[in-house]
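Please see the structure below; I have some questions.
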Amino acid sequence: MQFTAEEIGFMLNGTVEGDPGATVSKLAKIEEASENSLSFLSNPKYEQYLYTTAASVVIVNNDLTISAPVKATLIRVENAYSAFSVLLEKYNTIKLNKAGIEQPSFIHPTAQIGENCYVGAFAYIGPDVKVGNNCKIYPNAYCADNVTLGDNVTLFPGVIVYFDCVIGNNVIIHSGAIIGSDGFGFAPNANGTYTKVSQIGNVIIEDDVEIGSNTTIDRATMGSTIIRKGVKLDNLIQVAHNVEIGANTVIAAQTGISGSTKIGENAVIGGQVGLVGHITVARGSQVQAKSGISRSITEENKKWAGAPATHYNDNMRSQIVYMRLPELEKKISELEKVIAELRKVSDNSM
Amino acid sequence: MQFTAEEIGFMLNGTVEGDPGATVSKLAKIEEASENSLSFLSNPKYEQYLYTTAASVVIVNNDLTISAPVKATLIRVENAYSAFSVLLEKYNTIKLNKAGIEQPSFIHPTAQIGENCYVGAFAYIGPDVKVGNNCKIYPNAYCADNVTLGDNVTLFPGVIVYFDCVIGNNVIIHSGAIIGSDGFGFAPNANGTYTKVSQIGNVIIEDDVEIGSNTTIDRATMGSTIIRKGVKLDNLIQVAHNVEIGANTVIAAQTGISGSTKIGENAVIGGQVGLVGHITVARGSQVQAKSGISRSITEENKKWAGAPATHYNDNMRSQIVYMRLPELEKKISELEKVIAELRKVSDNSM
Amino acid sequence: MQFTAEEIGFMLNGTVEGDPGATVSKLAKIEEASENSLSFLSNPKYEQYLYTTAASVVIVNNDLTISAPVKATLIRVENAYSAFSVLLEKYNTIKLNKAGIEQPSFIHPTAQIGENCYVGAFAYIGPDVKVGNNCKIYPNAYCADNVTLGDNVTLFPGVIVYFDCVIGNNVIIHSGAIIGSDGFGFAPNANGTYTKVSQIGNVIIEDDVEIGSNTTIDRATMGSTIIRKGVKLDNLIQVAHNVEIGANTVIAAQTGISGSTKIGENAVIGGQVGLVGHITVARGSQVQAKSGISRSITEENKKWAGAPATHYNDNMRSQIVYMRLPELEKKISELEKVIAELRKVSDNSM
């Protein structure tokens, strides 16, 4: 794809200053841009880069005053940042603009596919699956029997959805994510072996959720594992059976949530956090990376850290002392010596 | 699937009380059940729910005495819990009742497939692979050259088994699990680069093992990485080359086991645990989530916690003091001041 | 595959002692070898096994003197270890000797495939993809639009490469690894929801890199996530958007690197380590497993441990005191009592 400054100015309803025929073929930050890049300047503290950038075209705010010569062609708009975001999104839409049914793919005769969908080669759509409109099911993705997808759902290559799972509208699931595999449920026997507990529930993913690569979400034993509206999950996260994650909660990579735990709305959970099973985490909780949540959190909107986790500030204080522990131990030894002497003195003086 | 109370009563050899024509189409816990649900009551402390549940049919024990009006149709059996478990399993068997060879799939002419197997579309079965009877190889699963599967093996969609690996009977492997990829072995060179050490061993998985989604088990450098009979592995676990996991050991999600480590039988290892390489962990060991096992454990049947792990109770005590560290440090400062004063007094009095 | 001692002796330019017709069909360590195994003896401390091994053929050094009867056929060479390594590599090359285009596979008409490549069944090669010579793209692997692969690249089954990513020469990527999925970028809105930030950058993987199973490497928001020459990544690692990993750095399983963090050359990072975003880690840093790197490391070639990480030796000292914390607390209580008494005495004596 290649565009001229003039074409972009027209798209953004902006004013072109400089060569309207300057061409761009990629998007870049102003401080990293090379020739043929389109960039933007929004934050005044980056203004210096405007005079040195190799970008061919830069989008700037209408009210920007130039204080030195500029090589790049400028496009002036009301809000440079939001104009650039619009271009980013358009770029992405063009990049991901797949359509039609590629062959060979497997679509069971009882499956229903909505309008304007993409089904890639080697994708598998099983019996009784319902796919809404404008969905993209990439190559090697798999939807088992009776799966339901809403509208505007993207399953990137290699996504696996087990039977009976329900996925809402505008959901994006990245490659290698596994939705609806069996929960980890085994009943111990007297002889040390285990008997599998059948996992017959499902996973429900509500609207506007995004799920990262190789994340795993297990089906419920009975009932549903539920990912509420607007949740964003990063890569390599483990969500166990019967977990519920509240609306607009965001969780970073490699965190694990044990069975039946419920996380409230608008929580922010760092990477590599572990949560034990059968607890609740209050809405708005913020959990530092690598923490271990070992009991329910009932206070809303608080920050937590450590394993086991405590209030963030308390934990920071303990952490600082932890680093001084050898010094502390030495002080205690010295105190013991001094006191032993004082005692001798005191005994002698009696 | 829809059944009447009468049909279920017949299946379970139970007695129907109420409307024998009541229909059910799903299974649910008594406290969560909606209309058309089949539920059960086994634990007396849940009896209250019997009088309020929306379930259409409830399985109860023969000896249950009713103390209030019940809307649901009851089915009386000897043991309500085990009767319900039987139904769960039947339900699951029907749900996973796949058979036949779907097209297009790839089965090499030299591969042998047993009786009554399912091979899904886009599944790949390479040269010299041997598949036992009653196996299910779902779509997009892959068995490389010379892989052996026993009877009743399930490879869910997207499971990858590298060449020469051996899988026993009744093994279930969930989607995205990778069996037999190269161990992480590199020899350092003088100039800072690394040379790959060829990994020519394999992975052996014995009978009755279940492996979770996106878990990775590396092949041995030479010899075998071995998962013994009855082991249950959760999702996103890392098992490095030449590891051996003893029979009936259970490991929770996101745990990592470094190269050549041997874990004994009947161990229970929590989530996000890390084990260093070349150690042994005694049979029956129980390891708390997030622990780090940095040396061999020789005592059997003990509980461990912490990173580095110590005896569970010792670690709990240290954890409690850890949270009081700032307080402790303050105490020490105060003691220092008091002693400094006492010393002055003592010096003066001499 | 089966070879005689004579054939192997010829391959290695060695001298056969014993039965030249002894056959071998596998490679094994001398202490674990069974019949028909080929083994080697290099380290003198393993010499005892030479007299008891079940191996049919053993490669030994020219200068080895035998001190007891040996059942196996020996092959004498200049350097037994390097001769065996040569065989390991040959064995592996034969095992992985795939060639040709299997059907059904998907190769877009605009894709370019070099000479002597393998494309497995159900592999997908999208529009404008460029594949170099001697590449192996296994079944169910996926290369999206405009991906570039150098020469001698292996994508094992199920590897997914998103659009625009660039992969150098001699790169090995193991099954289930995801290259170029969206970075985890969301802009918070006033009402608690999030808006996705388009991720339009790519991933660049330089020459001689190996990437483990189910590892995820996200594309940059803008610009590139970069894995430099010679980097070795283990399984289940998370590499976030805009990260850069320096040449010949080695990272163990389940480690996570947050967005925009730069790791220097020749670093060695253990398993389950977490690194926060927007920091730099100096070249040659060695980080103990399970550490948490929460700020930039500017000193080169140092060892680090703990979460938050400190100098390795400092952390070891704190760890030791941590285990004695209950004892320490007791000491402080005792000191307090003694001092209270001393104070009484001192008060009385004044």
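A, B and C are the chain letters, set down in written order, and residue numbers restart from 1 in every chain.
Methods note: a residue touches a chain if its C-beta (ideal position, glycine included) is under 8 Å from a C-beta of that chain, and two chains touch if they have at least 3 such contacts.
Predicted model, so just to flag it, every value in this text is computed and none were measured.
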For the C-alpha superposition of subunit A onto subunit B, the rotation angle in degrees, rounded to the nearest 5, equals 120
Over half of interface residue numbers shared between subunit A and subunit C means same, under half means different, so which is it?
different
What's the distance between the Cα centroids of subunit A and subunit C, rounded to whole Å?
25
Residue numbers of subunit A (touch at least two other chains)
104, 122, 140, 158, 176, 214, 236, 254, 272, 322, 325, 328, 332, 335, 339, 342, 346, 349
Complex interface listing, subunit B residues touching subunit C
104, 106, 122, 124, 140, 142, 144-145, 158, 160, 162-164, 176, 178, 181-182, 184, 186, 192-194, 196-200, 214, 216, 218, 222-223, 236, 238, 240, 254, 256, 258, 272, 274, 276, 292, 307-308, 310, 314, 317-318, 320-322, 324-325, 328, 331-332, 335, 338-339, 342, 345-346, 349
Subunit B - residues contacting subunit A, complex
27-29, 32, 85, 88-89, 91-92, 95, 102, 104, 120-122, 138-140, 156-158, 172, 174-176, 208, 210, 212-214, 230, 232, 234-236, 247-248, 250, 252-254, 265-266, 271-272, 289-290, 319, 322-323, 325-326, 328-329, 332, 335-336, 339, 342-343, 346, 349-350
